[in-house]
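So, here's a batch of structures to check.
Shared chain: subunit A. Partners: subunit B in the first complex, subunit C in the second.
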Partner chain A sequence: MTEPLDKPKRKDPLKRSHVGHVPPAPRSRAAKAMAVRAGQGRFVLQVCKDCAETTYPPRDRCPKCWGELVWRDQPDGATLVAETTVRTSMDLFFRDHLPWRIGTAKLDAGPVAIVHVHGDVADGAAGGARVRLKLCLDRGGNPALFALPETETPNMQDDPQLRTFTANPKHRRVLVTDGRGPVGQAVAEGLIEAGAATVFLGNADPLMRYPGQASIEACEGIETVPLDIGDTRSVAELAGQLGGRVDILVNTAGFTREGGVGFGGKITDLQAGLDIDVTGLMRLAQAFAPAMSGRSDDGVNAAAAFVDVASVYGLTGRSGFAGMAASAAARLTLLAGLKSEMRQTGIRVMSVLTGPVDDEWHQSVLPPKVAPRQVARAVVDTLANGHDLTPVGDIAKDVLARWQADPLLTIREETE
Partner chain B sequence: MSQPAGRSVLADFAAALAGGSLKCVDLTNTLSPDFPVIVLPPEFGACAPFRMEEVSRYDANGPAWYWNAISMNEHTGTHFDAPAHWVTGRDLPSNTVDAVPPADFLAPAVVINITREAAADADFVLTRDFLEGWEQANGLIPPRHWIALRTDWYKKVGTPDYLNMQEDGAHSPGPDAGAMDFLVHERDCVGLAVETVGTDAGQASHFNPPFPAHSILHGNGRYGLQCLRNLDQLPTFGAIIVACPLKIEGGSGSPLRVIAIIEEDAA
Partner chain C sequence: MDPSSRRRASYDGAVVCAPVTVPYVRFSPQTAHWWTGAALSALGRAAGIGPNDIDGICYSSFSAHPDTVVGMVQHLGLSPRWMDHIPTGGASGVMALRRAARAVQAGDADLVACVAADTNHIDSFRQTLTQFSRFSQDATYPYGFGGPNATFALITDNFMREYGVGRESFAKLCVAQRDNALSNPHALMKKPLSVEQYMAARPISDPVHLFDCVMPCAGAEAFLVTTPERAEALGLSAARIAATIERHNAFPDDSVQTRGGWECDIDALWSDAGCCPADMDMVEAYDDYPVIVAMQLADLGFCAKADLAGFIARTDFTVAGDLPLNTNGGQLSAGQAGAAGGYQNVTEALRQILHCPLGRQVPDARRALVSGFGMVNYDRGVCTGAAVLEQEVVR
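Up next, the complex of A and B:
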């Protein structure tokens, strides 16, 4: 059984930080397509539209009949037919993480695949042991199959191999950017419950009281810190203090106001929204990403992830909240750029997409609305599973599903 | 070419400046992202704080020069309120900062010290009765003066007590309508100069009429100066305030550098 991770000791200042490497990059568009789906927590394989053959690894055409391949969700069961432990490698990432268990699995969906093997899958289990496969993203954003025990085992998230595929908050130090609002507060509490060592919780106006202040300040493990992501100097000053200690950054800051484009919208609201949602994201990235990148594989509390919580309407626009949706759209675009940059460093960039949050700025919006605790759970799940993109709440799930099926139709639906 | 001393008022002034018998007092708080701005209910448009983004600092964006892009509200930091700032002054002539007569940027000040009252009661209200009592003790308020309301409130900058925002609103001293009517109509003041974040009291939205300082000052073409500091360095009479707002086209106000000129031993 997996030994629980010990709380990491303070770093020996005489030791050079361990430089992080990423596994080899994908080589095909099909592999990237698989990665996109893996990032949403789906277990998918390609199926031929002509001969119904299910195939793996990702390919451009059916290996049996050259037919067109489409992605289909698949059962995640498999039988392990062989396994071994790699003890030497020329690859820089795997050299850092040896020994490494791999195996061959016969998928219930059909293909036979090389898989990474969890430590709790019993030794010598190759003689037909049942496993549950997880389609993961590795530190470089590449899709990979990971064989887990068929049933949960104690501390299985602490498996050292599995942990490289996730950004589990356990024992990590997290910066949550906006502690003055209910979402940031719920996220901070959720991360502490998930085992985070410390949550640094940003406060954009330390001289001004805010709702929930007493309970947040009384919560063990949460430290409030001055942080106004609308102010470059404030972000830089905090990064100067905490940059080397932030393992996960969760950006919950946002600016929501009602208004249209030609009718009822305010230019100053749009400017404020862009400054917080978009420029603020860049301020955070420029201040924290370099230090995080330098610590991406430095032990139990290595830097691991940059998570951004944004409105799902950034994908589509939103009637009555045009400026908010526009700044969310720019935010998502900027995040895509950051994701690409960070992929080289081993830091995962993740996105949690929300529908209307049940807060003071969505008073006129009909339910269902997202409770701050739901956002917190989504953030923790995203980190623990190493996902890229998580919709939270019924609205966001519905909008995302429709957008993936027909983007232009969904844009029209959400803006009229 | 030098002027013989004593030949004109301005020459005397120049000689006093050059000779060091006059001194400048900086009445301005430093513009920084940390300086508080007035807080309104969130559904209203907010007062943007000061922001500064570096354009270059002897680097690839400008190898030999350092400069920043700045942004803020017209009423951020130490600032000037023009009559157009308030609805009562919206139809007056020359009511925006670009049109205010420049002669009004230079005016003497009378300093009314309510430090003790403000310390005892953050909601201290300046009334006509108080002003008349003050005049009996100190002398008449001359016409065309800034009324500088010394509270030492600037010493609270950097603490929650500066805005003093409680669940029932802000709490800071200011005048009532009777005091403002007296100062504007009977003492012909240039404007009201304060150390608090606004010329009105923190609770002035509950006054009748609400916001009497803004309403009466600007409705009668007078001005406001807010977020000042160092009024404790000025004499009761005899200071000259220099307050030149930026010439913003159609602007309702402007951050500015405010200085006072006093005689060396005046304070």
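Up next, the complex of A and C:
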């Protein structure tokens, strides 16, 4: 049984922080393709188009018939046939996390794989123990197979090896950027329920009342902080105060107004949207990413993730919300750049893509719309599983699936 | 017709001579090129030859990057009419031997230098590992980065359970090899090892413990393959190649490696050689980990896997014993000099049967079995080979 993680003690500010490293990072193109799917929570392996052979490690051609390979979802069961506990390593990341348990797993899907092994898989279980494999992303954003006990065990998420593959909010301090809106408030409450130690909840205009204020102020663990992501100085000041205490950052800020491109759109709305959505994201990244990167392996409440909640229409554009979709598109592009930078420091960058939220700015949009609570659940789920792309709600799932299958067609459909 | 039933040609017309070892050091500031030159220089002294005499070269190294044999011939002033680069690490010595012999037999070359050389800088071993192979980059080393220790720990864990082999069997092999190493002046390990010390060693990656692991180092090994006439003209002692086998990626569907490619071709080896395991005066087996030594003893026909524990307990593997094993101490006690680790089994066998040992002589040694194993591309060794060498003439 996994020992529950203790609440971390206050750190001695005079002590040198533990420097975070990432596990060995170079990967083949095929392994990167596996990572992209892992980030969406899929358990995939390559299958031959011609002979249907399932293969691993990632290859570029089928080893049985030399046919071409495609990624397919696979059953996640496996039998552990050998195991070891690594007690010495020359790698800086693993040296800091020894001993490290690995095994050889015979997958129900066919191939054999070397896998990380959860502490609750019974000792000496190799030689027949049944396990469930999870396809995770490591701190460097690379795919990793992790063997879990077949059935849930107490405090399973607290396993020290598994925790390095997630950004579980338990005992962590989170900055949620926009507390004046229903999404930010729901996300803050959801994180507290998921075990976050503190949620710093941004308020762009501390002198003005806002809906939901009473329940937010009554919620233990939520601390409102002044933060206007449209103002570089405001972001820098908060980073100066909180810097080394933000373990997870969730950007829920966004600016949504109706309007077209040549017809019915306002230039000022577009400018305001770009300032909040796009420039705001860069302000947050520049103010918080370096301090988070310096604390990426700093114990139980090490800095772990930067999450951005954006509109799925950033992938496609959207008729009637052209400016909002444009700023979401720019936001996703910036986030991809940030993700690449943070892969080198061990901080995960995650994207939650939402359809129209059931709020005052989508009054004329037909259902289904996304309830703020759904966004909160998606954020917590993404963090706890270490995914990096999570669509929330039926519309976002539908748009993402169509976009993955045929991006140009989906762009046309969504802008008609 | 089954192509494997075609009889292989003998190695008549080719002999192996002049085994040389450039003494190993734990770390070296020199390059692979320097060590390669040192090996050629030692060959030159042993055979009285220079660059213009060598018309064929077989080369193996992990640390010569960005050069291959191509860069090496220009760097070291050779103009060969036949050359080969063999990137198979622990299997490279046996493979070089059989390729060079065919080249000499066919007349494509007369005097082939077979050389393996590697340097070992501080941190070279880690760097070699991180770039070793695509599969290990994608799917092995990011799993704890235990290096080969972890991969062989998984193989050992399964092997011990599957065949009832305990750590005491591995202790017997390692202690015997250390005993053999004590007379080898070049061996990096110079202190005796007891079974108690072996058993009490710290775990590295369970069930692999400290004395199951080799010490990476710098070093070089080389030998010559030529015609019997040329060997005589040079005044060199010579060995014949009675038989060889080679196999890669055998048994890909085994979940964990319990056997090597030897098992595919073992009958061909002994029938071509016209002798049997009992006729061997020694075994020079590839010994990156003792489990692989045990695997070879079974796969090469010395005992059944189910009887390994009993066979090891009954047998004396020291130089004076009933089956001398890795008579120079092997890599476990002499050090693992990269690709040269896949050559030292060949050079040591040659020295014993040509009666010019570095340390103690196996009494009346005339026949040796040499076995190579290399390249953990993912979860197992991919390349295997073996050769039976016999004394032709001692000069």
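Quick notes on this structure:
In this text, the second predicted complex is superposed on the first by the 414 of 416 C-alpha atoms of A that agree within 3 Å, B and C clash if a C-alpha of one lies under 4 Å from a C-alpha of the other, contacts with A are read in each partner's own complex, and residues count from 1 in each chain.
Following the convention adopted for this analysis, a residue touches a chain if its C-beta (ideal position, glycine included) is under 8 Å from a C-beta of that chain, and two chains touch if they have at least 3 such contacts.
Source: prediction; values computed, not measured.
Judged by the touch definition given at the top, the superposed model places A:Lys106 against subunit C, while subunit B stays out of reach.
Of the two partner chains placed by the overlay, only subunit B lies in contact with A:Ser234; subunit C stays clear of it. Of the two partner chains, subunit C is the only one that A:Ile114 touches; subunit B does not reach it.
In the superposition on chain A, A:Ala31 contacts subunit C only, with no contact to subunit B.
Set against each other, subunit B and subunit C differ in how many residues of subunit A they touch, and the higher count belongs to C. Contact with subunit C, but none with subunit B, is seen for A:Met90 once the two complexes are overlaid on the shared chain. Residue contacts after overlaying the shared chain place A:Ala272 against subunit B, while subunit C stays out of touching range.
With both structures placed on the common chain, the touch criterion links A:Ala144 to subunit C but leaves subunit B unconnected. For subunit B in complex with subunit A, the touching residues are 33, 36, 39, 42, 45-46, 48-49, 51-54, 158-160, 162-163, 165. Residues 23-24, 26-28, 30-31, 56-58, 63, 81-91, 93-94, 100-104, 106, 112-116, 126-127, 138, 142, 144 of subunit A touch subunit C in their complex.
On the subunit C side of its complex with subunit A, the touching residues are 125-126, 129-131, 134-135, 137-147, 149-151, 153-155, 157-158, 161, 202-208, 252, 255-256, 378-379.
Across the complex, subunit A meets subunit B through its residues 207-209, 228, 230-234, 266, 268-269, 272, 275, 360.
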